[in-house]
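Multiple structures are listed underneath, in structure tokens.
Note that chain A is present in both complexes that follow, paired respectively with chain B and with chain C.
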Partner chain A sequence: MPDFITAWLDQNDVFTTMTMLEYWNGLVQTVQLVFLSLIIGLLVAVPLAILRTNRRWWVSGPVWVYTYLFRGTPLLIQLYIIYYGLAQIPGIQETFWWSIFREPFYPALLAFTLNTAAYTTEIFRGAIAATPQGEIEAAKAYGMSWFLRLRRIVLPSAARRAVQAYSNEVIFMLHASAIASVVTIVDLTGAARNIYSRFYAPFEAFIGVALIYMALTFLLVFAFRKLENHLLRHQRPAGG
Partner chain B sequence: MIDLKGYGPQLAEGAVVTIELAFLSLLLALFLGLTGAAAKLSASRVARGIATTYTTIVRGVPDLVMMLLFYYGGQVLVNGISDLLYEHYEIDWFFQFDPFISGVLTIGLIFGAYMAETFRGAFLAVEAGQIEAARAYGFTRWHTFRRVMVPQMLRHALPGIGNNWQVLLKTTALVSIIGLTDMVRVAEEAAKAERSPFLFFIPVAAVYLALTAVTELFIKWLNRRANVGVVQGEG
Partner chain C sequence: MKKMIVAAGCALAMMAGSALAQDGRDIRIAFDVPYEPFEYRDDDGNLTGFEVELAEAMCEEMNANCEFVIQAWDGMIPGLLARKFDAIMSSMSITEERAERVLFSEPYYITPGGWFGPEDFDTDVTDMDAMEGKTVGVQRGTTMDTYVTDELGGIVSIKRYTTADDMVLDLEGQRLDVVFVDYPVGEQTVLSKDGFKEVGEPVKLGEGVGVAMRKRDKDLAEEINAALETLKNDGTYDAIMDKYFSYDIKM
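For the complex of A and B:
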């Protein structure tokens, strides 16, 4: 950071260079956690959503149980079960997994991924189920195999229908990630809590972090609106 | 009662706290939601501006951050007012800002914003002809609102209220973070002391599932009642 900014910041009571760095590190942590869990969650959710729309109950049933459990209970409980529970698995402390899951980041990542995957599965299930029957019939008439039909017809049109609901899920995940601070992760909220206790300045610490979250939220809303416009361009009225 | 290493009764008390918290927050949210929807639909630009700012801020900020702000900031604010009153007017007034109050205020405020959107949509779904007819019969604005708009709006608002309630119920778990002894807090302390997280967290998760399931049935029943006489298309 340039010296003149540092000098200027250090005149403040609360928002000193150190505070700003703390917020920045928190931001990096939050973005990593949310981005990774969303990406992995999405990769898990698409195959699960395909299984969930299967007609055979023993295929779709287990997926339904999974989404029902993870959507019906608070994320905080899921985080606690995974964070405290992983350490209790007999023998895990002797394996190499322990060196990963000892860090609070990975149990939190696992909890967030499982949670967002459950919600995303249901979003995609709805979108897949809403595929017009005619499109599938046409694909069959062209002699497309099940996989080709899925790849070329069902998934692309389902993705378009799912964008809007999925953008809500992304914002929900960003906000839900604030609870990572309760398992000692110094994310944005964790940074704000540290700043609060250092200066006993609740308004500066929490309003400051609220503004950062708001900026992130509106950035996401803007990006998704662009994406939606792009994906749904063919549905706009022509000319004009 | 299930004993759970002696924590059973404490967990049950915690569950009662969770339920109280959820219902009080719901009441506040419904009140703020109706007020917010009225403001959003009003002719006054100031009212619309305030309501839009409110819902925008709530949608941009995580629930936990808002809760921490209310809990820690609320106490500082109350202390400030208390000092001021004592210095200038010699009034000895003090108020302890506890986690329960902060929880109800925060959750009520957050879901009030979501409810406002739900109610706004529901009010817009009431046919304009109904309102015109009521006015033609000489109903006052208040009467039109209470006798014509609200009963017809509820039918459209119920599914949205139901969804918001399900999310609200799960959000109550966050209040354990600022120190409220709800069932999540009891389970966390017990899990740490007894080193058996599954034994305590899984029953708590089951209680949340049961609460959502029971209230879902209730909302379905309400929905059926609110839709009596409405002919629905075959889907």
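For the complex of A and C:
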């Protein structure tokens, strides 16, 4: 950081260079955690949503149980179970898994991924189930195979219906990630709590972090509006 | 020098004592029970504990008629200011915020921070080189947190917890090498489990705990300070402390 910024910051009581660095490291943690869990969650959710719409109960049943469990319990409880529960498994400290799950980041990533994948699965299931029957019949009439139908007709059409609900899920996930701080991760909220307890300044610490979350949310809203415009451009009036 | 202070303390106490014998000052002292082992009721329902016994000894030393009052914690300072009682001896830590509203005596005890770790932990916690790269657990915002952050920041990796329970779970789960926590808390939560021990000397942190009084009662504060000083020097304090604690909390 340039000297003049450091000097300017250090005139503050709370928002010193050290505070800013703490927020910055928290921001990096939050973005990593949320971005990775959303990407992995999405990759898991699309195949699961396809399985979930399958008519055979022994294909869709297990997926239903999974989404039911993870949507039926609070994310905080899931995080506690994964973070503390894994450490209680006898002998896990001697296996190589421990090198992964010893750090709080991976248990949190696992909990967030499973949670967001469950919600995203249900969002996509609804969108897939709502595919107009006529589109599928037309695709069949063209002689498209199941996979080709999925790729060309069902998924693109479902994506258009799902994108608005999914953008909400992404924003909720960003805000839900605040609970990562309870398992010692110094994310944005963890940084705010450290700053709060160092300066006994709850207003400054939490309003500061709220502004950062808000800026992140605006970025996401902006990105999703672009994506919606792209996906739904056929609905715009001609010449618009 | 020390002897002189002792002598002065004794003289003061005697003067205060003789003065009190005449007017027989009444003091009502408030406790919040139970807070073992500082103040609690024994099996027969009698009020006892470290602070209760110290208060009894102090009253005897001051030759005062003491009455003990039970008061819930959140009404402590308001109750004192409303003259429901005259002094608080209920493990009230001396802080700047409180000192603006009440008058504190000299501190009479301090619970140290204690280092606790698994049986096989054999690193000297004061050896910075040996501690390099270790993971230390603390409770966020406590004096222990400040101490570790100032003394060991950048050398060890510090994990901050909201509750002691979460921290002890991670110590058991081997996510932490060692914790630095308020000694009585560590004694109850860590030492009560198999395979854990104290791994370093306790460190006294903070301002300690004092008797809280109304700001205008400066005479009472002087008498209480003198009485406590005597008790600390004549062995009475140590005898009471040894009854309740296996470690040093004297201040």
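Everything below uses one rule, namely that the second predicted complex is superposed on the first by the 239 of 240 C-alpha atoms of A that agree within 3 Å, B and C clash if a C-alpha of one lies under 4 Å from a C-alpha of the other, contacts with A are read in each partner's own complex, and residues count from 1 in each chain.
As a working rule, a residue touches a chain if its C-beta (ideal position, glycine included) is under 8 Å from a C-beta of that chain, and two chains touch if they have at least 3 such contacts.
Source: prediction; values computed, not measured.
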item	value
Chain B versus chain C as contact partner of A:218, first or second or both or neither	first
Contacts of A:184 with chain B and chain C, given as first, second, both or neither	second
Contacts of A:193 with chain B and chain C, given as first, second, both or neither	both
Contact breadth on chain A, by residue count: chain C or chain B	B
Contacts of A:165 with chain B and chain C, given as first, second, both or neither	neither
Footprint overlap on chain A, comparing chain B with chain C	84, 88, 182, 193, 196
Sites on chain A touched by chain B in the complex	69, 72-78, 80-81, 84-85, 88, 171, 174-179, 181-182, 189, 192-193, 196, 202-203, 206-207, 209-210, 213-214, 217-218
Touching residues (chain side chain A, partner chain C) in the complex	84, 87-88, 93, 98, 102, 104, 182, 184, 190, 193-194, 196-198
Contacting residues of chain B [partner chain A, same complex]	57, 59-66, 68-69, 72-73, 76, 170-174, 176-177, 184, 187-188, 191-192, 195-198, 201-202, 204-205, 208-209, 212-213
Footprint of chain A on chain C - complex, ascending	140-141, 145, 159-162, 166, 169-170, 172-175
